[in-house]
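Notes for the one structure printed next.
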Amino acid sequence: MKGYLALIGARFRVLLQYRAAAAAGIGTQLFFGLIRVMIFQAFYRSSAHPQPMSYVDIVTYIWLGQAMLGLLPWNLDSDVQNMLRSGNVSYELVRPLDLYWHWYCRAFAMRVAPTLLRSVPVIALAMLFLGMQTPPSLASGLGWLLTTCGAVVLNCAFMMLVTVSLFWTLTGEGIQRAVLPLVYVFSGMLLPLAFWPAWMQPLLHFLPFRGMMDLPFRVYLGQVAPLQAVPEFGIQLLWTAAFIVAGRTLLARGTRRLVAQGG
Amino acid sequence: MNDSWKLYLHYLGISIRAQMQYRASFVMMTIGFFFTTVIEFLGIWAMFARFGSLQGWSLAEIALFYSVINMAFALTEMFARGLDTFPNLVKSGDFDRLLLRPRSTLLQVLGSEVSLMRLGRILQALPIMLWGAHTVGVVWSPGKALLLIGATAGGTCLFVGLFLLQASMSFWTIESLEIANILTHGGTQTAQYPLDIYRPWFRIFFTFVVPLACANILPLNVILQRPGATPLLGALSPCLGLLFLGVAMLAWGQGVRRYCSTGS
Amino acid sequence: MAHIVVENLVKTFEVAERQAGMWGAVRGLVKRTHRTVQALDGVSFELQAGELVGYIGPNGAGKSTTVKTLAGILVPTSGRCEVLGRVPWKERTAHVKQLGVVFGQRTQLWWDLPVVESLELLRDIYGVTAVRYKAMLAELTERLSLGDLLDTPVRQLSLGQRMRCDLAASLLHEPPILFLDEPTIGLDAVSKLAVREFVQHLNRERGVTVILTTHDMDDIEALCTRVIVIGGGRILSDGTLDALRDRVTREHWLILDLEDETLELEDPDAEILRRDGRRVTLRFDPARVPTALLISRLTARYPVRDLFVQNPPIEEIIARLYREQAA
């Protein structure tokens, strides 16, 4: 356990060195958020139809999305990717750490370190100047923290599953290309899930992706009751477990194949 | 000059042949790019399904804005992919090799990779453009057709310029600067809608500083015959993109000079 | 005629410093400190046409800074540098047409393509005429035995094969000056010999001026008449191999194979460097004790099966030169 913590710490330090990248990231996030807010504002101005969310809620949703964007599994660890591509992964097998958890820790640091660094200023600026609201109650805020933790472990487990598919390089790259847009749509990043047509809602509700982003945000907004957050957290964990089992199984098969090929 | 084109075509041929070595991966990625952007448009469609219209613009009209800017961006990613991956070239030290050859560095960087799989994105924008134009009922004339091509070309020049500025930044810092994405990806996001839905300062920025308007309302207002369209301004607008590219090339030259004095 | 003139070359770099630890990383977000590094501190030398010079030094001594400056991809802080009468960084394209550059660590060939396609692209990059290209390709193919390799994708080549192809790629435009950076690194013995032989041929038969940077002292001993040693951004020594030896040490090594490995051996004028079972390596100063005298004295006192005398290996010489310099 200590080894894994050290690993996460080391990755944090590496990622923290890129200060310009962090500053630029904050700027980028604010800018993209602003575009989205303006687009929604224009739409709300054009129509008096009742909408699934109020404009004020949408603004908060958008800024939460910009703050937490880094948690979404929308890219893979390029070091691991290169390792798999070049076959150097054999060296990783020699280390006295479990490969799955080793990479999982890297994924964890990669998702959490930059997000911690970026989300605080983004949320602060958005609350001060850009119309972001606080949660309606303390309970909603706590529920949000809980489901955000659920989202982190879920996202890392999902990212690992996609990473491991790269053992089968050709199809792996295709899977990666196909899966990442799915995350983009079904997590709520492209559009808050409530805005998709009614007939899509049961599907959206069933898929694991809403746990990556949409769920914590709705808890934050109070649209999901704080008490309801606990069973939802359970669902997040169930999906996480499923991804971990699938990822470990695939990884075991991948390394076996690698060893068999002698590559 | 002529000779440079010949060399560029040679690079192009080589790059395509290299990609064809991994045909299965190529096909997958092309399809991937196709879907990545189709999804964007689905998002816009869902918004129109909820709200009906956007400040007087219809979905079909937005389809034209969407397809012009996406096509320009895809063309840029296709032909200026080398600029996109340029920071790696500097980090690995392989840029030295380009300096050791008696050719313009820009030509060599552009030649280093032509990403054919971006065809997926172009293929996706084309039917949306045709559907949009058909549904709106654009009355085509040679001038309008030319203007549509000009808008796409102007947008492409603008994006190549932005890519060039972004690549030039790696001469000053090795940290990958996401900020440049504001203008490339963010610009694409922005210009999928007509600029007049945004706040004034934002509109001014994308008209006079980074002239995205040259692939947005300036030409499209004319093509869609919106009230207040100025044909002359529309016709001249693609030049804005070209101008921007020129400025970016100056920055590039400055960057190369700096590289040679710091050696990293 | 001097092909290359370097006079009082100075180059300083600014390097950002990173602090250690988590706190350091956080502090680094706010403030960063810089430190100046003197890569070249007044380097001067001249190279005549047709010379084959070894340019050696430890990592960070200023080797690659010098080579980069000569190649025109680095502008020095001060000093003069002319290659074939041109200032390298002022007329880049005209200058690099006269250069061939080979980096042993990386290839300039296109990874996924057959070698010949890379060569054809380089032909167009350097504007080599069809006639000259054909003639050069034929000659290089023969000299470097490229025959079967030309149609093979680069990623399938062994390191030795790749190096031969890289040499060919750097010479298509018939440059009068060639920079070789670690050309034999990682190669097997046979490939090393092939590369050395080819470089020797280029230098002797075609009169190509060659600058060779390497850590492999066998390369130096096999190829170079002149060696420039650089350390800490200054030239420590410049001259023939023999002159370098004379400067650092005149000692010889006497290697004895004794009859008995338990035998204790001693001599007032020689020092035991190491002992490996029966084999004893002694060092001595021939000015103090003539070689013949020492041998007869030792063979008279001890049962010796075999013996030979040699110069200390060049690694040893260089290492001592650095140590001297550091002291």
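Per-chain residue numbering starts at 1, and chain names A, B and C are given in the order in which the chains are listed.
Note that in this section a contact is a pair of C-beta atoms (placed from the backbone, for glycine too) under 8 Å apart; a residue touches a chain by one contact, two chains touch by 3 or more.
All figures in this text were calculated on a predicted structure; none of them were measured in a lab.
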| item | value |
| --- | --- |
| Centre-most chain, if every chain is reduced to its averaged C-alpha atoms | B |
| Per Cα centroids, the chain farthest from subunit A | C |
| Chain centre separation (subunit A, subunit B; CA means) in Å | 28 |
| Length of the line joining the C-alpha centres of subunit B and subunit C, rounded to whole Å | 46 |
| Distance between the centres, which are taken as Cα means, of subunit C and subunit A, whole angstrom | 51 |
| Shared-contact residues (touching 2 or more other chains) in subunit A | 19 |
| Subunit B-facing residues of subunit C, complex | 11, 13-14, 65, 68, 71-75, 89, 92-94, 96-97, 99, 101, 103, 106, 108, 110-113, 117, 120-121, 124-127, 153 |
| For the subunit B and subunit A complex, residues of the former touching the latter | 22, 24-25, 28-29, 31-33, 35-36, 39-40, 42-43, 46-47, 49-56, 173, 175-179, 181-182, 186, 189-190, 193, 197-199, 202 |
| Residues of subunit B touching subunit C in the complex | 3, 6-7, 10-11, 14, 17-18, 21, 93-94, 96-97, 99-103, 108, 260-264 |
| Contact set on subunit A toward subunit B in their complex | 18-21, 24-25, 27-28, 31-32, 34-35, 38-39, 42-47, 49, 51-52, 169-171, 173-174, 177-178, 180-181, 184-185, 190-191, 195-197 |
